[in-house]
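These are the structures in question, set out in turn.
Heads up, the next two complexes both have subunit A, just with different partners, subunit B and then subunit C.
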Partner chain A sequence: MLITAAVIALLPLALPNNYYYDVAIRIGMNAAMVVGLNLLIGYAGQISLGHAGFVGLGGYASAILTSRYGWPPVAAMLLAMACVGAIAFLVARPILRLRGHYLAMATLGLGIIIYMVLVNESSLTGGNDGMQVPPFTLFGATLANERAWYWATGAVLLVAIWVANNIVDSPLGRALRALHGSEVAAQVAGVDTTRYKVRVFVVSAVFASVVGSMMAHYVGFITPQVSGFFHSIELVTMVVVGGMASTYGAVVGAAILTMLPQVLSRFEGYEMIAFGAILMLTMIFLPRGLLPTIAARWRRS
Partner chain B sequence: MSLLAVEALSKSFGGVHAVQDLSFEIEQGKIHSIIGPNGAGKTTVFNLLTGLYKPSTGRVVFDGEEVTGRDAHELARRGMSRTFQNLQICFNMSAVENVMVGAHLRLDQRLLGCMLRLPAVKRGDTRCRDEAVELMHFAGVGKYAGAEAHAMPYGALKRLEIARALAARPRLLLLDEPAAGLNPTETHEIDELIQKVAASGTTVVLVEHDMRLVMGISDHILVLDYGRKLAEGSAREVRANPEVIAAYLGTLSESQER
Partner chain C sequence: MLSQALQFFFSGLTSGAIYALAAIGFTIIYNSSGVINFAQGEFIMVGGVVAVMLTDAGVPLPLAIAIAVAVAGIVGLLLEKLAIEPAGNAEVVTLIIITIGASIFIQGVVQVVFGKGQRALPPFTGDKPILFGSASLLPQSLWMIGTGALIVLMLAWFFGRTRLGKAVLATAHNRLAAQLVGINTRHVLAVSFVLSALVGGVAGVVSAPITLTSYDTGIMVGLKGFVAATLGGLGSGAGAVVGGLILGLMEALVAGYVSSAYKDAVPFVLIILILFFMPRGLFGERVTERV
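Moving on, here comes the complex of A and B:
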């Protein structure tokens, strides 16, 4: 936590221009989201292949409330969180009774439904063309440039890490890890496993919603693509590559996979192939993810 | 009054009648054993009692209330706790965290408190961790208090499960073959552990193949064969029962080898 704070505080010294700030901001936002998704995938052992849907819902709720109804961005963001949390809660119970492939398919379907709704409700969302999002203002001040966004994103990321770490090391987090380790052991210890899966699903959806709102304001524009299948896969890849059940691993995964498209920009069009290849290679050679594997090596030596 | 009453309980899997028309009672504060050859239905009885399986027919009454078909977590809330024949350890957690999971229901699990690590949650967790370490010492695995679960040997994991079950402060503790795979010294230690637990007022139901252990500590023994009750009574009564000798003791040496 302190190290992350120090990195965030010192990084600007190494960022020569706005382009690099932009990359750092995107890393921070993805990291905050993936830290939340890691609670669901890494710690509780569940899967969501539709998580970008919640990013989209959060982003569009912010976009619509601020641009069409003149809400202040913070209020819009909070309402978005509440709505996304409520939607996640309603769909979670039937979905999270499923396991393995069935859960994967159900969450995939959920993501597709959200995507289709965002495309089709074009009177509200602008359909495939997307919509403009006003800048983020807080107490009259506007997050006007990359530097301001950098600090705001850094703060949100730290809060996300703090909350995630708190959850992991709490009765709630132990219940989640226990139902991952042995579902029957958790049940006979009194853990209502379905209820806990629902809880972590809602928490990770709300993380996604917050980042969705922030991204919409930061970019100033939103299209249904943010809730698309490829984005969901990207998020899962970040969790898997960085390290399942490791909050800092999630940050590392987000950093690597956010930078990757920048590095690969010369091979435009092949990014998806690169993502797929990375996901496959990680599953084969580093099934526990980058950070946990390195940590285990280091401890052994 | 009995703590647990089972009436005409049956469970079948497809064509397999794992438990058939079984009735028995568990008295408060005693050590009960359920014995029988492999496949007799002992584990299935445990799974039915603790809510992991739903009975095909029959009733389970716990502490005067019908609890047939209730979910496992709800029965845990009412005071049931158990260990497993095939270990159910959470290898993604440390040893002491495994035990702390056993205390789940006594801790503050509210979302906001856990997210913000409110002082009440923190205090509860600190106390819970201390108690868990204490329980590990009680169960004879104190030296693993700082270990990861996956780094522990089999015999220690068996006792870690007992510590986790005790962390719930159960009224009824069900132990499924706690001495299986242990050497005689370890078995003797489990024997003493069970007696300590019973002496502290917890009602114990034991499934075990080690006859010395069973005959030595049981107040009451239930013998199962092909899912049915073959006999029940004190150790002496059961040992003298000709049907038991014919059906069970003949296969005893074989089942002990496993």
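Moving on, here comes the complex of A and C:
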């Protein structure tokens, strides 16, 4: 925690211009979201292939409330959190009864349905063309430049890590790890597995919603792609590449997968080939993820 | 009124045939390896794209089709040998990401070779619609439905009557027991990937004249194939066919009577509702998990 805070505080010394600030901000936002998703996938062992749906809902709720109804951004963001949390709560119980590939199918379907609603309800969302989002203001002050956004994102990331660490060390965290090991054994030991799964699903959805809102305001524009299947996959990949059930692994995964497209953009036309190859190779050779593999090697030597 | 319903039935059957073939591809691989292959749609895309490229280069259609299907089969073999086999006994999430990585990789290659545009294959036997009252059916639709039915019959024969087919089934049932009676299960894995890719390639070639083809057409067909396979109950061959046809028909009915904008959402709404009430699909076996 302290190390992360120190890194966030010292990083600006190494960031030469706004382009690097931009990359750092995107990394921070993705990291905050993936830390939440890691609670669900890494700790509880429940896959979600539709998490970008919640990002889209959060982002669009903020965008629509602020630009069409003149709400203050903070209020819009809070309402978005509440709504996404409520939606996640409603669907969580029936969906999380499913296991393995059936769970993957249902969450994937959920994400795609959200995506299609965002595309088709164009009178509200602007359809495929997307919509403009006004800048983020708080008590009359506007987050105007990359520097301001950098500190805001850093703060949100720290809060996200703090919340996640607390959950992991709480009875909820122990219950999640127990049900990851064996759901039946956890039930036999008296853990109400459904309730805990629902709770962590809602928490991770709210994380996604917050970041969705922030990203919409930061970029100033939002399109349905933010809730698309590919984005969901990217999020899951961040969790798995960094290392499952490791909060800092999630941060590392978010950093790598956010920077990768920037690096690959030099190979014009070949980005997809490179991205697909890297995805496959990482999963084949480091199936446990980067951080846990390095940690294991460290301990051995 | 009636002819309109007939029209929807035709279009539902046509797309249902492709979903069924995609679902069969998922089922074959799932049964032999437990992997959900998210690159299944790319087999279909590769079949269509290669056929278009060859006919554009002047290769006669039948030869182009044969080569396209063979290329899809080779892609399947490479996927198994280079990505799935080295991963060994990885977790479900890991395997899902590997196949998605493969899917992106294949799309990337096709994008470089074929370009980003959409192209169509010429119809096999003209494009003069056959009239049934005031409902019409394209000859290519007949090709799609007929080929789908033929493939289902051939697969039934393969799994029921041939030694290799039975070996695949035995491995699906219990890998260890299959190894004990002398079946080379690693070989079976490769066979199932090639078989599934060939089925996908055929689906891609017969559908390319109607649906058009480009590097990114595989994703949606693949996902819908996954829905169809889940709808029927993962691992059930008959379930995959029925699931595919139900999907196609439901889609056509919703597009015709309710809203064509939400046509693509139909499969996903349907599967979520069904899984809420039947967590193992329509024909999935009720299994008791050993703990």
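Going forward, the second predicted complex is superposed on the first by the 292 of 301 C-alpha atoms of A that agree within 3 Å, B and C clash if a C-alpha of one lies under 4 Å from a C-alpha of the other, contacts with A are read in each partner's own complex, and residues count from 1 in each chain.
As a convention for this text, contacts are C-beta pairs under 8 Å (C-beta built on N, C-alpha and C of every residue); 3 or more make two chains touch, one makes a residue touch a chain.
Everything numeric in this text was worked out from a predicted model, so none of it was measured.
Measured by the number of subunit A residues touched, the leading partner among subunit B and subunit C is C. Once the two complexes are laid over each other on the shared chain, residue contacts for A:63 go to neither subunit B nor subunit C. When the two complexes are overlaid on their common chain A, residue A:8 makes contact with neither subunit B nor subunit C. Contacts of A:279 after superposition on the shared chain: subunit C is touched, whereas subunit B is not.
Judged by the touch definition given at the top, the superposed model places A:184 against both subunit B and subunit C. Annotation: subunit A residues 182, 184-185 touch subunit B in one complex and subunit C in the other. Listed in rising order, the residues of subunit A touching subunit B in the complex are 163, 166-167, 169-175, 177-178, 180-182, 184-193, 199, 203, 245. Partner subunit A is touched in their complex by these residues of subunit B: 50-52, 71-73, 75-77, 80-82, 84, 88-93, 97-98, 100-102, 104-105, 107-109, 111, 113-117, 121, 124-125, 128, 164, 168.
If you check the complex, the residues on subunit C that touch subunit A are 30, 36, 83, 86-87, 90-94, 96-98, 100-109, 111-112, 219, 223, 226-227, 230, 234, 261-262, 264-265, 267-269, 271-272, 275-276, 279-281, 289, 291.
On subunit A, the positions that touch subunit C within their shared complex are 41, 47, 49, 94-95, 97-102, 104-106, 108-110, 112-113, 116-117, 120, 182, 184-185, 229, 233, 236-237, 240, 244, 269-280, 283-284, 287.
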